[in-house]
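Each of the next two complexes has subunit A plus one other chain: subunit B in the first, subunit C in the second.
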Partner chain A sequence: MHDSKSILLHLRTTFGEDGVYEQKTIDQIPTVWVSKNNIIAVATYLKTFYPLLYDLCGVDERDRSRKNGLPSADFTVVYHFFSFDLNDFIRIKVGLHGEYPSIPSITSVYVNANWYEREAYDMFGITFEGHPHLTRILMPLTWKGHPLRKEHPARATEMGPYQLYDEKADIEMEALRFKPEEWGLKEHSDDADFMFLNIGPQHPGTHGVLRIILQLDGEDIVEAVPEIGFHHRGAEKMGERQSWHTYIPYTDRIDYLGGVMNNLAYLLAVEKLAGIEIPDRAKTIRVMLCELFRINSHLVWFGTFAQDLGQLSPVFYMFTDREKIFDIIEAVCGGRMHPNWFRIGGVAQDLPNGWDKLVRDFVNYFPKQLREYDKMVMRNSLFKARTRGIGIYTREEAIEWGVTGAGLRACGYEWDFRKKRPYSGYENFDFEIPIAHNGDCYDRAVVRVEEMRQSLRIVEQCLNNMPEGLYKADHPLTTPPIKKYTMQDIETLITHFLNVSWGPVIPPGEAMSCIEATKGANSYYLVSDGNTASYRTRIRTPSFAHLQMVPYIGKGYTVADLLSILGSVDYVLADIDR
Partner chain B sequence: MQHLTNRAKPVDRKPMTALEKLYLWNIAKGMWITLKHIFKRKATINFPEQRREFSPVFRGLQVLNRDAEGRENCTACGLCAVACPAEAITMEAAERQPGEEHLYREEKYAAKYEINMLRCIFCGLCEEACPKDAVYLSETFAPSNYQRKGFIYGKEDLLIPHPKLEPEAYQQALGTRAKRQEKASSN
Partner chain C sequence: MITLLAIDWLFILEKLILIVSIISISLVIAMYETYAERKVAAVMQDRRGPNRAGPFGILQPLADGLKLFMKEEIIPNTSNRFLFVLGPCMAMLTAMMTSAVIPWGGKIHFTLFGADRWVSLQIADINIGILYIFGVVSMGVYGIMIGGWASNNKFSLMAAMRGASQVISYELPMGLSLIALLMLTGSLKMSSIVGGQIDSWYNVLYQPLGFFIFLVCAFAECNRTPFDLPEAENELNFGYHQEYSSMKLGFYLFAEYINMFISSAVMVSLFWGGYDIPFIKDANLAEQIGYNWLAALQGLSMFIKIAIFIFAFMWVRWTIPRFRYDQLMNLGWKTLIPLSLFNMIITALVVLLREYGWRF
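This part shows the complex of A and B:
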């Protein structure tokens, strides 16, 4: 039996004491620094135990203070691997030196490193040697500089006014032209010419600003090349600029269908760093809101999926139900899609009077609706014909491509982070993990529909067992501090002023959260150097990994099938581009 | 054309029955459900003749508050401006002159207070930051406008009507908050 200790020992004996440095982190994830030359060997060794490359990102270490004896480095590349057997992460770090360093690519070991390495190259200018196609992925090809480097300005006002003169417009237009040969795509086969079809960036079937270029043989897809980045807003860069507290509204906008779920992922990491214990009431309120948002997000997916396949009515009925959830959310949070309602240490306010009636009404109302949707969509033979046997992938393929969430459960793998690595009190709830076995579009739909029922169960348990107590922890780093005395007492007023203006000072360290978000595993990996803003905010989103897989599963199907596949994958472009 | 379905286990697909294969029957069933919905209660309202009710905590347009005597609460400390993630708030402070005590509650007040509604994300952090109960988000939203400058809300747009001089407009501006405040004061 291997565990992370024996794996660390093995690394040490294989690569020598000097090449391996173990770092202690607050989140208890084993963290190991290895040298750049060993990274492929390390990755190859780890793959047997940690089959999932969960995340890969860069960090610009040049301005970081309070490193507490970490190895010196100008940049680091951080790999997060996940093992289902050990139910644990391992974090591998490689320190790099120089202005524009390079490191061997691990795409030969983990295929899904492809997009992650492109992103790290795009954001930091780190070259990955041996990468099959190292180009920018989020920024325009004509962009100057690498945005997440510390010298790159964070604001448009630091960059001088933007002007689009004719010459520049031509350059930009030319950069957008798709050149098949750059992607190693042939214009024709032995007996036929291929057609290149541009889907998006403005296309209802892509569910957002996504461009997919298809190489077609007749109507069959030979190759698909997604182009992303149209929705890129630099959320990770903003994390380095906003205070820990004022970054919360930005997280709302990452997976905009997930609402408070994003707040939770971010805050779990912040609270780990700050060492704040959350009161039970706050935890339960958080879980209830998260599950309402899960239903909400799945309803949007369900409606639009049916619409993609030609059923125009369900989306309207489902949006009506979604509105009922929004009524609850609005009564509780004051906002709708962007609730910005969780705070460091708890939630913004206590639940309003009468919240229980609103939730009870919904819990009683919704099952009947789900039955109708089953009849209307899931049992419809046209829907079945368009989704069964389409877009199949196996469990092994899913893990290889970093698929989490409903997509993984649809291949028969019972993996839900709420159950396996409970957070925010999920261990106290009684619910089941729905799974299906075929891994096709229909099964992904079956899993999500059942998830809505399970979420409703959790909401009902929250409703019946809402604990009494504080809605926000009584801790000096809780932001803003409970306001009860602020207006009377100068001492609390001073604390209030400091926490609201500078924001709390979070102790130096590193922590990663991992939650089962609406679309899969969502994580925030935060590096603090003991300041009022994060030193590095890394957002691992499920949609990014899922979209990367689409060309692979889309091959050989027709264009119409591709739209089923895109619909069933359930991604949000804001979640992909961040 | 290579079909990649052979790399996954075959799908457990029950053959469709003859009736299902007709598809027409399913189309008819679907249409029947749609038809039934025509007779259900409408989920929509006729905006702008009808307006939906917002919850009392709804985060809409900001309002600058006055106290019961109609004096402005704001003391121009600038905490809302620094708490604002979108940097939508600008203000200029001024000192209260003798004889202006009926206008401003504190010795310092906001001579200029502007919110750029195009920047504002209605997150409510200004309301949370305010130590004087001077700014809160109300139950309305910013109306559309043809011009950019129409979205820069000054003090005259934001201040709540005077409770003594315009009691009716004041009550209306309070919205359901009035009921809550009464409740709170009676407790």
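This part shows the complex of A and C:
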């Protein structure tokens, strides 16, 4: 039996004491520094135990003041691998030196490293040697500089006024032109010409500003090249200038259908760094709101998926039900899609009077609706004909491409981070992990529909067993801190004043959270330098990994099937581009 | 001079009036179909639908038409100008032409200059009425093809290809299902097909399968859900009329609604007794209220039947998803054509056995 200890031991014996340095982190994830020359060997060794490349990101270490004896580096590349058998992450760090360093690419070991490495290149200027197509992925091809480097300005006002004169417009337009040969695509087959069809960025079927270039042989897809980044807002860069507290509203807008669920992913990491224990009531409120948002997000997916297949009416019923959930959210939070409701250490306010009646009404109302949708959509034979056997991938392929969430469960893998690595008190709830076995579009739909039922069960349990107690932890770093003692105690008054005016100072360290968000596993990897803002905010979103897989699963199907596949993958563009 | 006098000028006048009124009725009906479509959709989706222009929004089609006229007309630089304009004209033309052979009611009787005149409410009672309909309907595909091709847009082109192959594929089972019907009626003439059903059993009772096949094909010919692939908005951005704006777009949209109206009329005429008033002996009624009133009532009956079919078109559109292209082709070639062949053979067998004196 292997565990992370024996794996570390093996790394140490294989690559020598000097090449391997073990770092203690507050989130208990085994963290190992290896040298850049060994990275491919390390990745190859780790793949047998950690089949999932969960995340890959860069960090600009040049401005870091508190290194606490870590190996020196100008940049680091951080790999997160996940093992389903060990149910554990491992974090591999590679320190790099120089202004524009380079590192061997691990795309030959983990295929889904492709986009992650492109992103790290785009954001930091780190070259990945041996990468099949190392170009910018999120920023425009014409962009100067690499945004997440510390010298790159964070605010538009620091960059001078923007002008789009004619020549520049021409350059920008030319950069958007798709050149098949750059992607190694042929323009002709032996007996025919291929058609290159540009789907998006303005296309009703892509659910947002996503561009997919299809190489078509008739109506059959030979190859698809997604182009993302149109929705890129620099959320990770903003994390470095907003205070820990004022960054919360930005997280709302990452997976904008998930609402407070993004707050939770971010705050779990912050609270790990700050060492805050959350009271039970706050945890349960968080779970309840998260599950309401999960239903909400799945309803949007359900309606738009049916609409993608040409069924135009269900989306109206589902949006009506979504409105009923928004009524609850609005009563509790005051906001609707982006309530910005969770706070460091708890939630912003206690539940309002009468919340239980609102929730109870919904819990009683919704199952009937779900039954109707089952009849209307899931059992419709045309719907089945359009989704069954389309966009199939196996469990192994899913793991290879970093698929999590409903997409993984539709391949028959019972994996849900809420059950397997419980957070925020999910271990206290009774619910099941719905799975399906074929891994096609229909099965992904089946899983999501069943998930709505399970979420409703969780909401009902929250309703019946809402604990009494504080809605926010009594801890100096909660923001804003509980005000009870401020008028009696000068120390508390000062802490309150500082936390509200500057924001809390989170102790140095690094931590990653991992939650089962609406679309899959969502994580925030935060590096604190003991400041009022994070040193590095890395957001691992499920949609990014899922979209990367679309060309792979879309090959050989028709254009109409691609729409089914895109619909069943259930991504949000803001979640991809951040 | 003599030959000119020999022409029945009154006859030409009658026909002109008939043509003008039928075309304007088709246009008005197409206009209100757009309104009905939006209202039906609204009811099915728990919404209210258009209700701002006039009471219950009934002026909405006028407002829409006006809007389309006022919109800027954009012709893409890369398009072929002549074909680009021709496309919507073809669509509109073929849509309007079909109405010529449909009998809309019984004969009207009046006296002029002391002479009795009987005017039938049918523009042209040609003896190959059904073939004429087929000919014109299959020309409808040119509207789609030319429009999609001339736009010089990949989406439009794909949609046009889909549209062309769809219309051609579905014409086959449609024609085959009609052959079975023709064996029973023994005529290609619309007026005699309808006449045979007056005060008698409707053809749908003899040809239920044939009607079903015809109905499915009519949906496909009109490019309506679940066969709306040429304009599949989620995949192809409204397909072949993507580059069109202003009234040229309006023509395409209008042509679709007129097609729906006409194909409903054809289905009613062929299978549902045409202008026959159901459950009532029309001949007896004529003695009581006179032929002119009877013709009016018959016209009304025809339009009510048509309205039911139009509603069915809309009902289906807002209820079910759309086929994929290959599924659509499979349905056409592998299901509908064998079914209609089967229907044809069975019908032929029954007709043959009847000839030999078998009784059923």
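By our rule, the second predicted complex is superposed on the first by the 566 of 578 C-alpha atoms of A that agree within 3 Å, B and C clash if a C-alpha of one lies under 4 Å from a C-alpha of the other, contacts with A are read in each partner's own complex, and residues count from 1 in each chain.
The working rule: contacts are C-beta pairs under 8 Å (C-beta built on N, C-alpha and C of every residue); 3 or more make two chains touch, one makes a residue touch a chain.
Remember, predicted model here, so these are calculated numbers, not experimental data.
In the superposed pair of complexes, A:E227 makes contact with neither subunit B nor subunit C.
By the touch criterion stated above, A:D280 is placed in contact with neither subunit B nor subunit C.
After overlaying the two complexes on the shared chain, residue contacts for A:P480 are found with subunit B alone; subunit C is out of touch.
In the superposition on chain A, A:D74 contacts neither subunit B nor subunit C.
Residue contacts after overlaying the shared chain place A:L493 against subunit B, while subunit C stays out of touching range. Which of subunit B and subunit C touches more residues of subunit A: that partner is B. Of the two partner chains, neither subunit B nor subunit C is touched by A:D350.
In the superposed model, A:R386 makes contact with subunit C only, not with subunit B.
Legend: residue contacts after superposition of the two complexes on their common chain; A:Y247 is shown touching subunit B, with no touch to subunit C. In the overlay built on the shared chain, the residue A:V559 is in contact with subunit C alone; subunit B does not reach it.
Overlap of the subunit B and subunit C interfaces on subunit A comprises residues 311, 313, 317, 320, 380, 382, 385. Interface residues of subunit A, counted against subunit C in their complex, comprise 195, 197-198, 203-205, 219, 306-313, 316-317, 320, 380, 382-383, 385-386, 558-561, 563. Interface of subunit A with subunit B (complex): residues 217, 220, 242, 245-250, 311, 313, 317, 320, 323, 327, 330-335, 338, 340, 348-349, 352, 372, 375-376, 380-382, 384-385, 388-389, 392-394, 397, 437-440, 480, 483, 486-487, 493, 496-497, 500-501, 553, 555-556. Remark: subunit B residues 1-5, 7-9, 11-13, 16, 20-21, 23, 26-27, 29-30, 33-34, 37, 43, 54-59, 77, 79, 82-86, 121-125, 128-129, 131-133, 137 touch subunit A in the complex.
Contact residues on subunit C toward subunit A in their complex (touch as defined above): 41, 44-47, 154-155, 158, 225-226, 228-229, 232-237, 317-327.
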